[in-house]
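Same chain, two partners: chain A is paired with chain B first, then with chain C.
After this line comes the complex of A and B, so read on.
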């Protein structure tokens, strides 16, 4: 192998190792894992299965909330959500029918919503305002209207 | 080695390329209309749906244009370097061609009848007509038969040339088809055992997560199946076109072997945000995903080494003087070169997409669409056009005229500018949060969504420029096939540099590579797949929501 090629590959592979180390430390030491909830449920009995029998925002602790959402073609339930600024929000979501996506524009909240599975992540809204939640996985002819908003208010 | 592709083999290659360009035209019409709908310029007439167009666009360009062009090109390369195809290989090629053509026709009719508006990823539980899945199955089975035909020709050559390494481009063709065969097992299993029984109603329910995992087991190597034929052109064809030598035969083979090993056990990086998969396994596959960057770095080095060496041979002195010595006026070089150049930002974007946490910022946004319009729709497409400029006249006994060469350069410039606008706008608006695969919408005039509109207009402008480029390439292709002056157009095959190290024979120890590949796949997939089956929630019935 050419000497320059060895140097080139050494730099390249070195950079890769550095990348992967950063990503790995972030994931395993700091706990920054992508949403990967392992909980399952019967997609035909979403309405009877807790916590999805009572969708909405629930206070579960000091400045801590659980937001339970249901995705179905072509809407999210509940429709009107108000969250105090700076509160820790545990978002849980599932689908009643096909695959959907849950994305909150302007934040890093983004996850796949597959029927039969629960997905979840925790987020703290640091700014007040009107946030757009939308479905980012094609789910049928009305996919483009599937969205709702969250109002983040002074806590 | 013969200098020409045998006439009969040429017809096989040309038939594939003809279907590829018909698909390109239809898919491009769909694409143009999509950009206009998304930006709110037009509404579709006659009850045609946006998502119907999007399904056609993805299937015709992502699956049909690529697969047909690749198999046609690979057959021509095998025939050019190992001699006329033997009876078995030629027959397999034609059987494969008809399977794929019939399959494509069935799938396309189902899409046009609005019975398969499920996009080209056909995620369950959206349920298309069973005939859509059967059509896709025929395409895959046909490609297998073609692959076996190529393997047979290669094996026959090896038998007659014991102890000699196979011609480099034939080795690469075999590697590419081997990668394809291993990869398509995943999609074949999910379509045959999950989608077809479920869509006929023989079973009520489908395991969603398993079907998605089997799809992405196939879906990522699919992109390397698109890319490797472009690499074949870059490694073997381009050195000859620029009057240089192949930098190293052995390292080129090593790169292809690494692609076979590392492009398959990596599908989870398309499922990073998905529930039901332990993040540990996602991370394992992300590490494997990053391994595939190594052969691409090797390729970049080899190509620029070839450019520099040939430039210096032509008398270039200064550090970058060789750059000017490249044949910028030769479209056979210029089009693939622009493809290479764009692969640099394209690859960087891919690293972002696959980076565990970073994926959350861009997943299912237009950033991703922008990404693969650089990789497959620019790096790969421009290289395929670059191949067509000489391959079609070579096969039809005509020549690439000066005028067509000029037009090809204009085509390449249009394509690059169009893609700069379209893909650039997609990347930017994706970072702002605009979702992919979504028809015109303002989400009730939400200010965030309204702010995306100027970018969507930029996408439409890019789309329009690209469509002009499509019309140009189609004119050139038809001209070269039917009207160009008769003559002999060269099929350029590069020779290896005298300074290169000899090629060891172990690169053709296929059992070894298949074995390692199997071990990696088993390592990356066994535990999560058992988990998906054992801990599966009740399955889903089908939905037709379009």
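After this line comes the complex of A and C, so read on.
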């Protein structure tokens, strides 16, 4: 094999191993994993299935909250959310009808919302301000207006 | 100007007679090496950029 080929193979494989290690350690040691969407429920009984029978923000600890969201065409329930700064929020969301997406713009919160499944993600809001929640999965004629805002306030 | 060659030896005007001792001309891989290094650097930098964005959010 040519000497330059050997050098390039070394650089290529080394870089690949480095990328995989960083992502792997992040996933298994730091919990940086994609939202799994594994929990299931009956999509026709969303309003009766806890915790979706009471959507909204619920305090579960010292600056720790659970945000239960229901996505439907074409809104998120609740559509007014106020969270104190620094709060750790466990977001749980499901859909009543079609596939939606839930993305908090400018953050790592970005996941699919499929009927019959509960998707979840935990996020800490470190800065105050208004965060836009958007549906980023085409869901019908009103898809472009589907969204709401989270207000993170000094608290 | 980037010259992307295919490593073939340049066509000679005069056809040399068959040599008893064959000298195989090694194709120059220097250009290809520089190109892949540049590509590798691009991949590395953009990967780090996106990873940093992810960690910072």
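As a convention for this text, the second predicted complex is superposed on the first by the 153 of 155 C-alpha atoms of A that agree within 3 Å, B and C clash if a C-alpha of one lies under 4 Å from a C-alpha of the other, contacts with A are read in each partner's own complex, and residues count from 1 in each chain.
Going forward, a residue touches a chain if its C-beta (ideal position, glycine included) is under 8 Å from a C-beta of that chain, and two chains touch if they have at least 3 such contacts.
None of these values were measured; they are calculated from a predicted model.
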{"item": "Contacts of A:2 with chain B and chain C, given as first, second, both or neither", "value": "both"}
{"item": "Superposed model, chain A: greater residue contact from chain B or chain C", "value": "B"}
{"item": "Partner chain(s) touched by A:108 [first = chain B, second = chain C, both, neither]", "value": "both"}
{"item": "Partner chain in contact with A:124 - chain B first, chain C second, else both or neither", "value": "neither"}
{"item": "First, second, both or neither for A:12, with chain B first and chain C second", "value": "both"}
{"item": "Touching partner for A:21 - first (chain B), second (chain C), both, neither", "value": "neither"}
{"item": "Which superposed partner A:48 touches (first chain B, second chain C, both, neither)", "value": "neither"}
{"item": "Chain B/chain C common contact set on chain A", "value": "2, 4-5, 8, 12, 19, 32, 106, 108"}
{"item": "Partner chain A, residues of chain B touching it in the complex", "value": "49-51, 54, 117, 119, 123-126, 208-209, 212, 248, 251, 271-279, 282-283, 286-287, 290, 293-294, 297-298, 301, 305, 351, 355-357, 359-361, 363-365, 432-433, 435-441, 443-444, 446-449, 501, 535-541, 543, 545-546"}
{"item": "In the complex, chain A residues that touch chain B", "value": "1-2, 4-5, 8-9, 12-13, 16, 19-20, 23-24, 26-28, 32-44, 73, 97-99, 101, 103, 105-106, 108, 110-112, 114-120, 130, 132, 134-145, 147, 149"}
{"item": "Chain A residues within the chain C interface of the complex", "value": "2, 4-5, 7-8, 11-12, 15, 19, 22, 32, 106-108"}
{"item": "Touch list for chain C against partner chain A, complex", "value": "26, 29-30, 32-33, 36-37, 40, 43-44, 47, 51, 54, 57"}
